[in-house]
Amino acid sequence: MEFRLIGKDIRKSFGRLLVFDSINFELINGSSLAIAGKNGSGKSTLVKIIAGLLSPSSGEVIYQVDGREIDKLDWFKFVGFVAPYLQLYDEFTGYENLEILAKIRGLKSYEAKIKNVLERVNLYSRRDDLVRGYSSGMKQRLKYACALLHDPIVLILDEPTSNLDSEGVEMVWAIAEEQKKNGILIVATNEPEELKMCDEVINLDELKLKMKRQIVK
Amino acid sequence: MIWKFLLGVYIAIITILAFVIPIGFIPGLGERARIIFLHVPSAWLSVIAFFVAMIYAVRYLRSKNIYEDVKSAASAEIGFLFCFVTTVTGSIWAKFNWGSFWNWDPRETSIFVLLLIYGAYFVLRSAIEVEERKATLSAVYSIIAFVTVPFFIFIMPRIMPGLHPGSKGDPEGAGPVVTFKMDPNMRILFFASLLGFTLVYLWIFKLRSRMEILKIKIQNKIYQEV
Amino acid sequence: MLSSIWAIFLKDLKSEIRTRYALNALLMFVVVTISMILFATAGEVMSGELLSGLLWVVIFFSAMSGLSRTFVSEEDRGTVIFLQLATRPSVVYFGKLLFNLVLIFGINFFVVIAYLLTMENFKVKSFDVFLSALILGGLGLASASTIIAAIIAKANTKGTLYPVLSFPVLLPLLITTINMTQLSIEGAKLAETFGHLRILFSYFVVVVIASYLLFDYIWKE
């Protein structure tokens, strides 16, 4: 299956505030993209647009499978998403969260998959504890489990290593390597070290400078 | 400019004629029937305005162009204003014709519901700060509210008898004034007034939406310079 | 698609059973409102007609205090993205609608029991009319309040806004159900209320279809 993720002239403004303009990229299986920029530069906004959580003010994001465009309503089948502002249900256990997600997604024979992802993020021993009792690092690991549950083709990581210990950071790097074998990896971060996870970089700060120069001209 | 002046003269003439034109004798209403020249057209205007607001709401949801939302809100404001005018004029008239200011007659109930819906609509708009979100949510709300309004047409006759001239169950004397029995010159003036009110609506609507759009443009400009 | 809707419903139900956010408060709300009516009318003999109206006042405000929770809690806790990433908007809508349906039938059941126990003059003569008013009224109530809950969850002042926005939309429904309840006390036959039933049912259908078409716009920005 050949998957293509295309961004065409993406522009987003909130009311009068222009966040970014004319962002273009094209990703296929095995490619990866890092989105860099300072706090407030619009990294999260851009990844939300790519994941279909927000609509761009103009321009478009296209998901293509073997040259056929995917309806926006079905994007969720292809996307795995980890972000600090993604919250889990804290009245449920880690296992229940994954079970709920699997059922909502309509995954078949999900028990094995849940066990697999829980082991991958090293939470299997704590699977029956309420998420309320999890540390912030454990919650972050569980988010990875949720994102990987359906083997997404596009994995989007916003601030991938926030709250994680060194062992967790290693886990993230392993997941990123694994993802790049067949899928697409998108990482939004302001840590220079993490930019190395990806082959290409979009720097929103530099983009903004360019935009300003254009306005001055 | 010149047509606005002409419109002013036109409405002035209609207003004067509404009081002096001979309308013939209408049993049960008499001279009080003259309210039809001002009350019914303002109700008509508010319905048009709400309808236009609806259309722009749908257009906003399709295009996500904030100007469509501005127009929708502008039209809803005018509709609300004239809905209020209709209610007040009708209520005063009801005191003299039916004996009390408010009788929960079907049309009174319907207009009351319209006031409630658009009152809620403006409350909703003031409760959301983000412009796009405000536009989307109020558009959705106005559409949901709009699809439930027609139910009153089916419900009201079952629940209560009508008092308005022209409604079902109207006693013989008052007669369905609007549909027939209208004096020829009364009919002409009535439709002339409808036309006049429609033109007034178009004028205010254009003015209001242009003003709001200019406001947005000016703010955009200020923002870019800063 | 259907199994996903069911999964969302079960998730909400399980969460409600575990946290009891809405349920306990709702039951107390019903008790408080009915006691309020009892105190305010102490010693007065109230007609069945008046009591049928008051019944729906209690149901309306109880619904307003509980039905917004499904959306508001997702929005407040930031779990909206979890659902947005997991499925289509319409699946979420129908899951939540199902949950609110169950909740409103629970409320109706409890209110009616409490009402029949405390209001001596509330004697229902034709139970089939009364029951169909409750069931079809509950369907309509849940349909309209679900979509409005989705709207107010995104606004700033959620609590007060909810009844304000819901009332005009629900008014045609409430007028019809109140009238039906009065008829049931007068002992009308079910066949006589056929027109009412048709109104209630089509209200439900129209509101659900409109909500289904519009929900995408609310759910994702």
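By letter and in written order, the chains are A, B and C; residue numbering begins at 1 in each of them.
Criterion: contacts are C-beta pairs under 8 Å (C-beta built on N, C-alpha and C of every residue); 3 or more make two chains touch, one makes a residue touch a chain.
Everything numeric in this text was worked out from a predicted model, so none of it was measured.
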| item | value |
| --- | --- |
| Identifier of the chain whose CA centre is least distant from the whole-structure CA centre | C |
| Contact-richer chain pair [B-C vs A-B] | B-C |
| For chain A paired with chain C, centre-to-centre distance based on mean C-alpha positions, whole Å | 38 |
| Chain centre separation in whole Å, for chain C relative to chain B (CA means) | 31 |
| Chain A-chain B separation of Cα centroids, rounded to whole Å | 50 |
| Residues of chain C whose C-beta touches two or more other chains | 221 |
| Chain A residues counted as touching two or more neighbouring chains | 55 |
| Where chain B touches two or more other chains, by residue | 132 |
| Complex interface listing, chain B residues touching chain A | 64, 130-132, 219-220, 223-224 |
| Complex contact set, residues of chain B against chain C | 61, 113, 116-117, 120, 123-124, 127-129, 132-133, 136-137, 139-141, 143-145, 147-149, 151-152, 154-155, 158-159 |
| Complex interface listing, chain C residues touching chain B | 144, 147-148, 151-152, 154-157, 161, 164-165, 167-169, 171-173, 175-176, 179, 195-196, 199, 202-203, 206-207, 210-211, 214, 217-218, 221 |
| Footprint of chain A on chain C - complex, ascending | 1, 3-4, 7-8, 10-11, 14-15, 18-19, 77-79, 81-89, 91, 216, 220-221 |
| Contacting residues of chain A [partner chain B, same complex] | 14-17, 55, 215 |
